[in-house]
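Look for subunit A in each of the two complexes below; its partner is subunit B in the first and subunit C in the second.
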Partner chain A sequence: MKRTLRKARLLLGVTYAEMMEYRAELYLWALSGIMPFILMGLWAKAAGETPMGMPPVDFVRYFLAVFVVRQMTMVWVVWDFEYDVVNGQLSPRLLHPLNPVWRYVASHVGERFSRIPFVTALMGIFFLLYPKAWWVPAPGTLALAILAMLVAFIMRFVMQYAFAMLAFWTERANAIEDLWFTLYLFLSGYIAPLEMFPPAVREATLYTPFPYLVYVPAKLLAGQPVPALTTGFLVTLAWGLVFLALQQVLWRTGLRRYSAMGA
Partner chain B sequence: MHGEHYVPEPMPSLNGSRYAVAWRRFWLSSLAAEAEYRLNFILATTNSLLALAGSIFGLHLFFRTGYRLGGWSWEEALLVMGVFTLLDGFASALLNPNLNRIVSHIRDGTMDFILLKPMDSQFWVSARHFSLWGVPNVLFGLITLGYAGKKLGFGWTEWAQGSLPVALAVLILYSLWFALAATSVWFVKIYNVTFVLRSFLEAGRFPISAFPQPSRFFFTFILPVAFLTTVPAESMLGRTGAGNVAWAGVTAILLLLLSRWFWRFSLRFYTSASS
Partner chain C sequence: MALIETHNLSKQYRTADKAPTLAGTIRHFLRRRYRTVEAVKDVSFSIERGEMVGFLGPNGAGKTTCLKMLTGLICPTSGTASVAGHTPFRREHPFLRQITLVMGQKQQLIWDLPPADSFRINAAVYELSDDVLKTRVGELAEMLSLSTQLSQPVRKLSLGERMKAELLAALLHRPDVLFLDEPTLGLDVNAQAAVREFLRDYNRRFGATVLLTSHYMADITALCQRILLIHKGQVIYDGALDRIVQRFAPYREVKIELANVEGQADFTRYGEVLAQDGRVVTLMIQRRNLTETVATLMRELELADLTITDPPVEQIIGRIFTKGNAA
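Up next, the complex of A and B:
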């Protein structure tokens, strides 16, 4: 136990330092997450002119929360893993007394912490420009929102890592991830809160993993009511298990056929 | 490879046609390289189709409740989406594959070879590659435009009115993208800044009048997204005067000259790798 903790601390320290080297790049990445603000403007204006069932300020808070959720749940493991497989970097890592996945997890977690100051600053500027949107969620909801974000991050990581395993067979595993990401963009609540969806579509999406990756955490963070949290949790758990099993199968069969460059 | 048997074909001496020949060869070699990844192309096409369906769904959400997005009707807003998809395809086919490579040429010092070629360096870095992945979006953009135009009863006049603004939009997009890519001379470490531009351009999916006042100002005068999609759609609808198109023309020419000047200026700071 103590050794595991030490390993974790070391890995995190290293990846955090690595990420701090690339601060400028990170800030640009964060800046490229501008889409929620674009949609915020559109929806707030729409709700101001036609009744949409949600007042404009709720849209503003929702999309600000979407921005935060996106920033805190970014995952890119498929590109890293693919690179490591194609270039043979995976081979030395297989010799370490540590499953390679933890290195990727650590780099994601380390990056997350280096991103926080920037995201906080951006939110500060936002509230200065638009003080009407200021809100503080109740401590209980906030805790729940943080938990939901953590679950969303884990889910995205597990799913993407499963797709990353395809790198053992093809050089472009990320093409599959791209397809999945397109579904995520349109079904997760990233483009609009699910209340705006036609009822039938909304019902259907609740059985996919997507709403729990953006919509539910963002709603909680914005302090707005979320329907049927328990069902959501069960759906997420089910999908998580499916992808975890898939990843395990692909990892085992893939590793057997893996012959790296220069190995 | 087989150097001793290789006899280089004589380059046509006429300047313009030399560029045309070079461009044709660039494209052919890019196509040959892409043909290696046929399955990827199918996946990319599927993805483009899915993305188009998603975008149309996203646009529909605004109209569901009877709201007219920025005062535009559903078919009119589809025109904007069509122009956006077309430009997006153009960016994926020509801008992304070329201009994203500038940074690696600078980092690895291979820019030396490009600068030594008897050819304009801006042309070379802008035209060397061509990616098939953008083609589906170009087609889907045209289909969306065709569908919306048919519903709106467009004839040849409407399409003709729209073609010049679309061409100007292509020039504006290229110039912006190129100027930003040229900054990689200074920011070698930053993988590339163009993805930030790309994310801001997403605003072009929607008519500019759908935005609240401050962002409308930003997307017209600071980052001219309005000229990319809204002005072309308005021209097709015959809703904009010659004034707006003239402005688009002035913007396009100024930005193009600026990108050219900026490229020369930034190259003065290029010192090759390891020196």
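Up next, the complex of A and C:
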């Protein structure tokens, strides 16, 4: 346990230092995630003109929460892994007595810590400009929201890592992630809260992994009611296990195909 | 029992061919044609603990593929390999702790951070304590003449410094078996010599087993008593470096210096002319005809000097690979 903690501490420390080398890139990347602010403006205006079941300020808080959730659950492992397979960079990692996945996890977590101050500053500016949107979630709800964000990050990572395994077969594994991302955009609550969906679609969507990646953590963070949390947890767990099993099968068969190109 | 052992180790892989025209591109998209390449064919050899063995062969001969199989990076198509009592492809942790692979054209150091940060990661991965890390970095840095460079970002280091830092990172866990693929590639003469000296020193101090590939014959002659020659995926020679001359060079080099430049003869009737520079002519003469040819040369030509030498090992190996058959 002590050794594992030391490994985690050192890996995180070094990947954090590595991420801090790319400050400008990091901030630009975080800025590129301002889509929720645009959607916030559109939905709040629409809600102001036509009753939509949610007051405009709820839309504002929801999309601000979506921004935070997106920033905290950003995953790019499919691109990193594909690059490493195609260029043979996976080889040195395979020769270490540590599963390569932990290096990718560490780089994501390290990056998250370097992003937090920037996201906090951006939210501070937003509340200064629009103080009406200010809210403080109850401690219990906030804890649940943080847990939901953590689960969302793990789910996003596990799913994308499973797709990343396809890099052993194709040089463009990220194409499947692009296709998956289209579903994610529409079904996760990124573009519109699930309340705006037709009831049947909303019901069906709750059995997919998508709402638990954005909608549920964002609603919790915004202090708004969330439907059937326990069912949501079980659905997420089931999908998580499916993708984990898929990843394991693809990893084992993929390694037999790995040609360590370029290395 | 040998530390490294292979029996009929083979590796085949599929590759798609594409013609460089538009029609070729479309055909490649619609109906890709694959062919099977036999990268390594029935390779068998064994290496004892503490040996330093040179793995020689032209580009594409299968050297790197062999190293990848021996380190467990790729799965053999057939045959078996055993390194330190382990099957490499299983990549069990006790096996990985005993080996290292250094590739001259690849790096494991983090590009934007000082090498010291990469060493800390390796120390964590190999579960080395802070004290052990400090001692080993100090010891290896001294052997490699590295010090201030360890706190500069890797991207700011020269190629030679970077290679030394790569070696340090790769040897931090003190492996018993070193697989080195072109470790001096692109280095200047001084840096090459420093890396060679370090490897010899490491082998002597820790009794490590080394399998080394290099295009620089100087690396092999300086470090290895034994060589494995591989050509088109097959081992064509496995033995002492100095015996290769006897086995593969049934000829000797005869260098003659003529007393004057006038009246030069047609030297091809004595043997193959390797070089001719003014009064100095280098001939390659079959061993079995040597005495007779030298007597003829002395009788027919007015010579100022005559020397007989074995051809350089590089030349012999070059000829073997050009002819493509050493049997």
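Note that in this section the second predicted complex is superposed on the first by the 261 of 263 C-alpha atoms of A that agree within 3 Å, B and C clash if a C-alpha of one lies under 4 Å from a C-alpha of the other, contacts with A are read in each partner's own complex, and residues count from 1 in each chain.
Quick note on the criterion: contacts are C-beta pairs under 8 Å (C-beta built on N, C-alpha and C of every residue); 3 or more make two chains touch, one makes a residue touch a chain.
Bear in mind that the values here come from a model prediction, so they are computed numbers and not experimental data.
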item	value
Subunit C versus subunit B on the shared subunit A, clash or fit after superposition	fit
Subunit B versus subunit C as contact partner of A:240, first or second or both or neither	neither
First, second, both or neither for A:10, with subunit B first and subunit C second	second
Subunit B versus subunit C as contact partner of A:223, first or second or both or neither	neither
Subunit B versus subunit C as contact partner of A:255, first or second or both or neither	second
Which of subunit B and subunit C A:33 touches, first, second, both or neither	first
Superposed model, angle subtended at subunit A by subunit C and subunit B (C-alpha, nearest 10 degrees)	80
Partner chain(s) touched by A:137 [first = subunit B, second = subunit C, both, neither]	neither
Partner chain in contact with A:100 - subunit B first, subunit C second, else both or neither	neither
Superposition-derived minimum Cα distance between subunit C and subunit B (Å)	5
On subunit A, the residue positions that both subunit B and subunit C contact, one per complex	22
Interface residues, subunit B side, partner subunit A - complex	37, 39-40, 43-44, 46-47, 50-51, 54-55, 57-58, 61-62, 64-67, 69, 187, 189-191, 193, 195-196, 198-200, 202-203, 206, 210-212, 215
Residues of subunit A touching subunit C in the complex	3, 6-7, 9-11, 13-14, 17-18, 21-22, 88-89, 91-92, 94-98, 255-256, 258-260, 262-263
Interface residues, subunit A side, partner subunit B - complex	22, 24-25, 28, 31-35, 38, 41-42, 44-46, 49-52, 170, 172, 175-176, 178-179, 182-183, 185-186, 191-192, 196-198
Footprint of subunit A on subunit C - complex, ascending	13, 68, 71-75, 91, 93, 96-97, 99-101, 103, 106, 108, 110, 112-113, 117-118, 120-127
